[in-house]
């Protein structure tokens, strides 16, 4: 809706983003399907990771060569870091490339469920915010942790719905509801979204955006799924603005209950 | 998506419908908001009820005067009928108006939860199908009942997600999943849908369409909610075609787990 | 609790039963584990099926020989019947053995999910009630169907929680809640119960009893699981009588909020 | 079951406890109902809070006078503390009374949902463990936080099911499942349990114990509810040991599918 | 004078009247309604030949918003 | 020689036989079974007076474990 | 006359007093309370040798029902 | 001959070399990488003035697809 779109902007760290769907770039079958998905998703913010250059094939194309960065905004993550120190180092390396001072802060000691470490995340966030980074922290759905991070000055909080890559949807729904209720910075639901209904539900709760990767990359048709999730995000946001009907314990007829004609 | 839209048609009783969202016309604040919602929903099939002419104000505009029926297909319902006999009579009266031989069959003895009567619905369906009606029966989410109705020759089955007007979403999800799994006619999820996430979820399960009324009519902004639910339906359908990722009990990293650079 | 037990009787068809747990006798690893489970469950009502005598081994012990029927009340079922006619015939054969005029009415055309046929169940119930049977019908969780059966004169209604032997628990919780809310005969939740928490939940909702088979027979230790589910049923019933606390959206401190001592 | 009870001991900090249900002593209508509930619950470990002596009525009976501490083990909590410093001070004051060196560590800055602060909880836990306290920390259901606390040397972890006093049950079920899966110290589900089914479910997941207060204190009949929740805890524990049946997507008949007799 | 029951109400008319004329009197077009006459549904093309007599029972229904 | 269909199987017997005697032959007590003879259920007290003839169809059922 | 702050309230006493005597004055047994004196927790065996002076800050806490 | 540790591997070079020249040798443009030299991050404008010596530890990282 023009009118809605016109007034309903997502602004993070003073930057207005054209889409409330952020897309990850991992795990696609190939570059072509990733590019199709990026295009179809309508997203602006795109996450990437830092890894060692492969000395055996240093000239190999990187994601920087593949994606047209005039059309997308890069968000480096600290995936793979297990401590605050490791994450701070990777954030600094990423910034030194001169592409962005934003960082998706992930401090993940746990290889099985990939849950983040709340204490190390706070330590890293304090230092990175002091150094002028725009920090988007990936966290478990802990309302107190979320509040402390926004007090530190992170530009978003990004609570998980369920484990990364699990596609289980919003297992943490009630706590995400509370985080949104109390947040003064944009809340981005990250991890666990497996289908448009999950994305729509997050937006209906009042989330400001969602970050998706596996649900698109691992779909049978990533491009079409990217479009589907884009639709779910937009639908959920519109519903949030439109104000949903209250839930009722009983039924309420949709057709008039007077003037019914019955056999004489 | 052109390509998808091109191949993905909904056909009921040999009629190709341009939208998988069916809209009810009850309970809107006023005609204007109803017309805005119809327009925004992109729907083709629109349900109406039959009621006695008000002899004290016989000239009062009816829904036939208000809606541009060149753009919408009318689906009379038998709302208010408590028995097969009452429903059959209303279906015949509706058809005698020459607008349609389709009928949304509702046989509802229960005023509190508005659940349909499976036995009377079967009785009415047999007779109406024999008389050449295209019958779209509203039923509880009972897979055996659904199978019997399609064997009788109804052109859809329309299981409920939760009580009419309750906005509780898909309380009957598991049984709807089974109905879809076994159906040979289009499955339309009717009643209970309260938000786009509910509509998207129904479509992701493989439902062919959804019928919505209260969620739109009772939203703070019916027009915007109609657009939102339209988006949810389309997103869910696309996801169904795109093939969602499998749910996993564990996590699976979105960033590569090799080549991680750590402090020396 | 003496006091509670004293006032809280389950009476079906004028017969007072000493336990709200009914146990099935199918699928146990062996007779010994079945007998241990029956003993541990504290149940009185026990379901059995009718099958053809094996002419190649006519003297083989039957369940009538194995179980001490002075301690248990037999409830023959019509499992395996796909139509009203088949079920009526089996009910009559069962009664002709002179053991009971009670019958668990199952009319199940669907081999995959084993859901009952509502129409055939109504037909059979009408005839069997006329013939003086005490009918305990197994039904999908359809409140209108439940009401019609009790109007016909069945002595209970037995809605399913989820498919027989699936152990999925109360997928139909909301509709079971409504059936209980409207019932004038005992409501027995049958099928789907997989653990004590499921049984307790059914009883907390106000169910009068639960019927369990697979959860006990397929447990690693059937005897201990029978005892566990007995405990769940009793706990849930006590909670129903004790009146549970209301659910709240917010928190409410358990410790006093005044008189807190803080560092000066 | 004797045999089970005999082998299935709960041991915390080297102390064997006779019950897996821990009970809080707040919010009862009166002392009599609290004492009845304690008795009926069969619990051994009982939580209490520290508050300022009321100088206007210093002789007023305290909980120390009311409860027979020969029969119960006292567990002081730090409820009301918002920071590590406040909690450490209260823990020390409690220990100086010479009743116990155990402490239920609660650091709760959030008055609305009473969620604990993960960082301050870690800080307090490190110091209290160093000082020889047996620390039982109340935490949000964060598996990484739980692991760090047990590495620090807390004698349990106590993840919440839902907000204190909300009675919403196990909203955090999936994360509690993971905490249990990874724990090397007893896992006590604390907060949110509203009925026996919640307690049974926690135990079926493999929790070692549950801590309940509001569900008992706010029930219409606290004594009977205490007995009910005791039953739920024991039933859930037995089911965990008995090994529940697997959940299945389809049905599986409880009666034999061969030898069915049908009309000729 | 004749008396009819229309939509549950007693209506008095000067005498027997064609259904088409009665609908005219009400100021409505046949297009928007369906009519049951003494328990029988009247197809639209039979309106001009259907006469309402004393004691007849008539139901006239129209479409309204519904779900 | 006569032939019966019992529980779907063809059985040969020397000649007509009382139901009670046939059950004896099988070595089972009437108490544990129910019998349908040519589509009619036979009450237990009628076993001694029920004769099985050539071509009869008999169903003999018993109780088994079930849910 | 001396003034103490006890549990946040200003208390006047005739003069310095032993903690044990002050608890006696309040009519409570040491067993049921814990005491912080000028920010330091006082172990029970130190009560008899702890004197409260003018301006001291004292916290006396007890156990209450809690979850 | 000098030896460096680059991305965890031992690399032999003829002698000390400027970082820019080493990247040239690898055939990559500075634009696509970030470099840590003996634990210090090197800003791009310092590449031409940074010399890699025997025993130095170098990490060269690049962007890859990630979530």
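Chains: A, B, C, D, E, F, G and H, in written order; residue numbering restarts at 1 for each.
Following the convention adopted for this analysis, contacts are C-beta pairs under 8 Å (C-beta built on N, C-alpha and C of every residue); 3 or more make two chains touch, one makes a residue touch a chain.
The model shown is predicted, which means the values in this text are computed figures rather than measured ones.
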(request) Would you mind naming the chains that touch subunit C and likewise touch subunit G? (result) D
(message) I'd like the Å distance between the centres of subunit B and subunit H, where a centre is the mean of that chain's Cα atoms.
(response) 63
(message) Taking the mean of the CA coordinates per chain, how far is subunit A from subunit H in Å?
(response) 34
(request) Calculate how many whole Å lie between the centre of subunit B and the centre of subunit F, each centre taken as the average of the chain's C-alpha atoms. (result) 55
(message) Using the touch definition from the top, which residues of subunit A touch two or more other chains?
(response) 24, 26-27, 47, 49-52, 77, 79, 89-90, 93, 112-113, 115, 164-165, 168, 213-214, 253-256, 259, 261, 263
(message) Give me the residue numbers in subunit E that touch at least two other chains, ranges are fine.
(response) 7, 36, 59, 61, 64-67
(message) Following the definition at the start, I'd like every touching pair of chains, please.
(response) A-B, A-D, A-E, A-H, B-C, B-E, B-H, C-D, C-F, C-G, D-F, D-G
(request) Would you pull the subunit B residues touching subunit A in the complex into a rising list? (result) 1, 4, 24, 26-27, 49-52, 54, 77, 79-80, 85-86, 89-90, 93, 112-115, 163-168, 194-198, 200-201, 204, 213-215, 217-225, 227-232, 234-239, 241-263
(message) Quick check on the complex: what are the subunit F residues that touch subunit D?
(response) 5, 7, 36, 39, 57, 59, 61, 64-67
(message) Under the definition above, what is the set of subunit H residues touching subunit A in their complex?
(response) 6-9, 11, 26-28, 31-36, 41-44, 59-67
(request) Sort out for me which residues of subunit C touch subunit F in the complex. (result) 24-28, 34, 47-53, 55, 58-59, 62-65, 74, 76-77, 79, 89-90, 92-94, 96-99, 164-165, 211, 213-214
(message) Please output the residues of subunit A touching subunit D within their complex, sorted ascending.
(response) 109-110, 112-113, 115-119, 122, 140, 142-145, 147-148, 162, 168, 171-175, 178, 182
